[in-house]
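One structure coming up, written as structure tokens, with questions to follow.
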Amino acid sequence: MTSFTPNEMMTIAASRALKNDDVCFVGIGAPSAACNVARLTHAPDITLIYESGTIGTAPDVLPLSIGDGELCDTAVTTVSVPEMFRYWLQGGRISIGFLGAAQLDKFGNINTTVIGDYAHPKTRLPGGGGAPEIATSSREVYITMAQSKRGMVEKIDFYTSFGHGDGGDHRKRLGIDTAGPTLLITDLAIWKPDPETKEFTVVSLHPGATREMVQETCGWTVKFSPALEETPAPSELELATLRNLKVRTDAAHKRGAAAAKRGSKDG
Amino acid sequence: MAKFLPLAQAVAENLRDGDKVAFEGFTHLIPTAAAHEAIRQGFRNLTLIRMTPDLIYDQMIGMGMAQKLVFSYAGNPGVGLLRRVRDAVENGFPNALEIEEHGHAAMANAYEAGAAGLPCAVFRGYRGADLARVNPNIKPITCPFTGEQLAAVPAVRPDVTFIHAQKANRRGDVLVEGIIGIQKEAVLAAKRSVVTVEEVVEDFGGLHPNLTILPRWTISAISVVPGGSHPSYAHGYYARDNAAYLEWDEIAADRDRFSAWMEENVMRAKPEDFAARVEGLRAGASLRSVA
Amino acid sequence: MAKFLPLAQAVAENLRDGDKVAFEGFTHLIPTAAAHEAIRQGFRNLTLIRMTPDLIYDQMIGMGMAQKLVFSYAGNPGVGLLRRVRDAVENGFPNALEIEEHGHAAMANAYEAGAAGLPCAVFRGYRGADLARVNPNIKPITCPFTGEQLAAVPAVRPDVTFIHAQKANRRGDVLVEGIIGIQKEAVLAAKRSVVTVEEVVEDFGGLHPNLTILPRWTISAISVVPGGSHPSYAHGYYARDNAAYLEWDEIAADRDRFSAWMEENVMRAKPEDFAARVEGLRAGASLRSVA
Amino acid sequence: MTSFTPNEMMTIAASRALKNDDVCFVGIGAPSAACNVARLTHAPDITLIYESGTIGTAPDVLPLSIGDGELCDTAVTTVSVPEMFRYWLQGGRISIGFLGAAQLDKFGNINTTVIGDYAHPKTRLPGGGGAPEIATSSREVYITMAQSKRGMVEKIDFYTSFGHGDGGDHRKRLGIDTAGPTLLITDLAIWKPDPETKEFTVVSLHPGATREMVQETCGWTVKFSPALEETPAPSELELATLRNLKVRTDAAHKRGAAAAKRGSKDG
């Protein structure tokens, strides 16, 4: 079997969770790679939507931003940003909102706003962007991030995007009728919320990952499913698809840079 | 009614110290040349409004032009943080910066409400989110038919909006295409508007009837600045300079390096310099044919 | 997910007695063929929703299919009144008709709110207007920032929406162009949707990225019915049959003449008959090239 | 001087009130003819907007409906109906809303909804369409209609579109900050609201019209300005423009009809 990195495993495991008929609101970074691997393997008809307004996009290389030209070039249609948030997200047409996180707690609440106090932050992060409403208007939310004690914490500093709050029926009590986070895919494991408490529970370890590795890179006491499985290793096709995508992406981003430099000198 | 003006004059006539100003463009068509001209003219005490502040607000804030930032995502898209914005928020350098923070849904709705002449926008948002706790400009409003509690935010009404667009025709109508973002709303919400364009064409006669066009009587001034969106891109004209975004992360990380870069690339530069910056990116312009 | 079906089957699978149904099209692209198919299948107790009820609702109401009409302008555009609607409202013939009446601004906002998944629409309207007095579905709502009193109306959420469009591609995405009216909102606001199209093309590959396209997963069924909008028109395909609108004024003025016309032109006709009705109008199709 | 009909005088007088830089929301019928005569004579750059979403349209023939293809063919741009009512009308971008009326009172209030009681109408009219908000969101409102005792009444049966209400500062008291009806052009006269009472007052009689003719065809006691003027007769250019427009329009509408009939027979 070809060797692979934990990050590759994460992306591929995430891609497998997506179905051919999903309508997926794609966050940039790891979610974007996973969604496009899904599209290039088992889910060719998946609808990928980026918050720049591109609907049903099929980029040949991964975009650096949520608004790269490639996304518009290959989209079924491109709409304005107000329309994107009103008709497509708030309108309830998104089956999966796919988010990354800077800080995450065990109930799937996400912080991408500040580390420390909001008024006097230790670190000012970019903020929510589309995430607060992706988290509540999408029918389900998938989260993907590499594990670390800084990232997976007992208590997040700021609720940028609401997951299951304090767990249990907290969403329902706030009048939120969507399912919220139903899947977390890290570089070590697949996690699902406990049906009652909504606490994320490890249901599958990636090949080579151990319970100890998962616990060591997580800031809360990890619960493991009694029926713990092993994530199937990436197939040759999955791995080749992901790597080719990355190669094309790197080449494209560098080509632009080189071209721009040439242009400057000529100019 | 749109007047065709050199960029320096268009900026001087429409931007004032203390203005609420939006430089809009959602990744695509960012009005960099207009922002640089504003930097050269040294405006102060601005309230900078933008969904995705991006490099140009990092630059304006780093140059000490802003007293307040209204935004929904202060990142270098796909790269990371905005280091001059961080320095202002975390350390008050070069000056303290007041922030009014929203999510994209709220900002998009707030621009839409501004364009629609409404005092506020109503949407389903901020449920369970802490921003509703720290931003007094997020209030609940109740549907009078179902009793559902929705969110309200004030309409965004800039004193002046700057955008970059692909084309104007000789009459002064402006065409925006590709990722159209929030530009139409940002212009219609503002009291005044300045549009930089890649080129002026005779007319839009052969174009599709449903394209995004701002009639000339919605625009204050138009300036022709080819490449004026670099390192952002103009669909059909030149590609995004992704490397410049990656490079910015290093430049902005250091106060001195930032100052030197600004001096060389903005203060001593001219609007005409943008054309050369995109020359090598024209081959990578979006493949899909546009009008 | 859009299924390609013969019109009779598309209507039978998606419309039910007692449904709230919208047949939309703002003068342009009126789904006449779908309405006639619904008439032939004899549905009852419908709530008919439409900004401009026009000939097709005059026909459906005259045939006794409606128990309620939700509308904002019940006229034969440019000609005069809708005589079957009048007969129902003034005389309860052929049956009493409940009406919920709005202005265009309210209806447009209500469809928009439906598409946006909101329970109600908020806008500045009905100030000093008597409709606010007679329609309990118009309520005041106060801006929490300025105190301004605005108007609220419930979102329109049809059980099923029918529209006519120019093109579908083989995957089932639908293109609407020209006067796009309220069709996108009417489809997105509805639980189910049926689209009749002039033709199916291989793909939309060469088309402009910002055209009004309804992705296939927003549509329940597509039926190919060339000419299906007559006597309305399809931009780029055939012109409006203004004479038919003038003629309708006479047909609908008389109950017997109306019945005879319906028997001959609807009950004994088929979707395939529409192609011939527009044959002579193709030369007058709009001049401006569309995609 | 060429002879002309009262209706031609009405349309031409109305056209003269429009300026080159006006942005005019055009009602169908008499307003549409007046606006297009203005465009074809002294106001070539006037922006005409129809509620179907066509902005800056320049039709060669008069549309029968507000959504004829000709309007889209010649427009600067065509937008959706929600956008039309939100960004362009409610957004405050219309300088002149140009309306017709079935029933009108002396304060410029318009009824196009019902004759008789709303719940049990004697005559059910089409209703308001865009007019209720055109009347309050346009910076000014012009009204044009042929005079008759049935049309110009002391008390209208239904306030479809609010004018000056009971007169005076009634608009202001309702929080409406636009000017409302500032001009009424009939087939006999030009009327303007009294600055204080807002009652429509005849300021100019068309050539051949008399005070008696105006009073006889009006349901309220007519006030005349002390400085009553005579409306200049249509110029040759104005009359030729209007008549050519009508000829082109009639021909176009008949051509469509004839063509359709041929089509049916062929089919």
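A, B, C and D are the chain letters, set down in written order, and residue numbers restart from 1 in every chain.
In this text, a residue touches a chain if its C-beta (ideal position, glycine included) is under 8 Å from a C-beta of that chain, and two chains touch if they have at least 3 such contacts.
Chain identities (UniProt): A, D = CoA-transferase subunit beta; B, C = CoA transferase subunit A.
Everything quoted here is computed from the prediction, not taken from an experiment.
A.B. asks: From chain A, count the fewest steps through touching chains until chain C is reached.
C.D. replies: Between chain A and chain C, the shortest chain-hopping route counts 1.
A.B. asks: Comparing C-D against B-D, which pair counts more contacting C-beta pairs?
C.D. replies: Higher contact count goes to C-D.
A.B. asks: Taking the mean of the CA coordinates per chain, how far is chain B from chain C in Å?
C.D. replies: About 38 Å separates the centre of chain B from that of chain C.
A.B. asks: From the mean C-alpha coordinate of chain A to that of chain D, what's the distance rounded to whole Å?
C.D. replies: Computed from C-alpha means, the inter-chain centre distance equals 56 Å.
A.B. asks: Suppose each chain is reduced to the average of its Cα coordinates; what separation in Å results between chain C and chain D?
C.D. replies: Each chain's C-alpha centroid was found; their separation is 27 Å.
A.B. asks: Spell out, as numbers or ranges, the residues of chain B touching 2 or more other chains.
C.D. replies: Counting only residues that touch two or more other chains, chain B contributes 112, 116-118, 123-124, 148, 178, 180, 184-185, 209-212, 235, 288.
A.B. asks: Residues of chain D that touch two or more other chains: which are they?
C.D. replies: Those would be 72-73, 78-79, 86, 90, 137.
A.B. asks: Quick one: label the inter-chain contact graph as line, ring, star, complete or other.
C.D. replies: other
A.B. asks: What's the complete list of touching chain pairs for this entry?
C.D. replies: The set of touching chain pairs is A-B, A-C, B-C, B-D, C-D.
A.B. asks: Mind pulling up the chain C residues that touch chain B in the complex?
C.D. replies: By the definition above, chain C touches chain B via 116-120, 122-124, 137, 139-141, 143-146, 148, 150, 152, 154, 177-178, 180, 206, 208-212, 235, 288-291.
A.B. asks: Hey, which residues of chain B end up touching chain D in the complex?
C.D. replies: So the residues of chain B in touch with chain D come to 1, 112, 115-118, 173, 184-185, 188, 204, 209-213, 215, 217-218.
A.B. asks: Of all residues in chain D, which touch chain B in the complex?
C.D. replies: Answer in residue numbers: 21, 23, 47, 55-56, 72-73, 75-79, 86-87, 90-93, 137.
A.B. asks: Which positions of chain B touch chain A when the two form their complex?
C.D. replies: 26-28, 51-52, 71-75, 77-79, 81-82, 85-86, 89-90, 101, 103-105, 108-109, 111-112, 123-131, 134, 148-149, 178-182, 184-185, 212, 231, 233, 235, 239-246, 273, 275-281, 283-288
A.B. asks: In their complex, what parts of chain A are in touch with chain B?
C.D. replies: 28-29, 51-54, 63-74, 78-82, 84-86, 89-90, 113, 118-119, 121-133, 136-137, 158-162, 165, 170-171, 174-176, 253-264, 266-267
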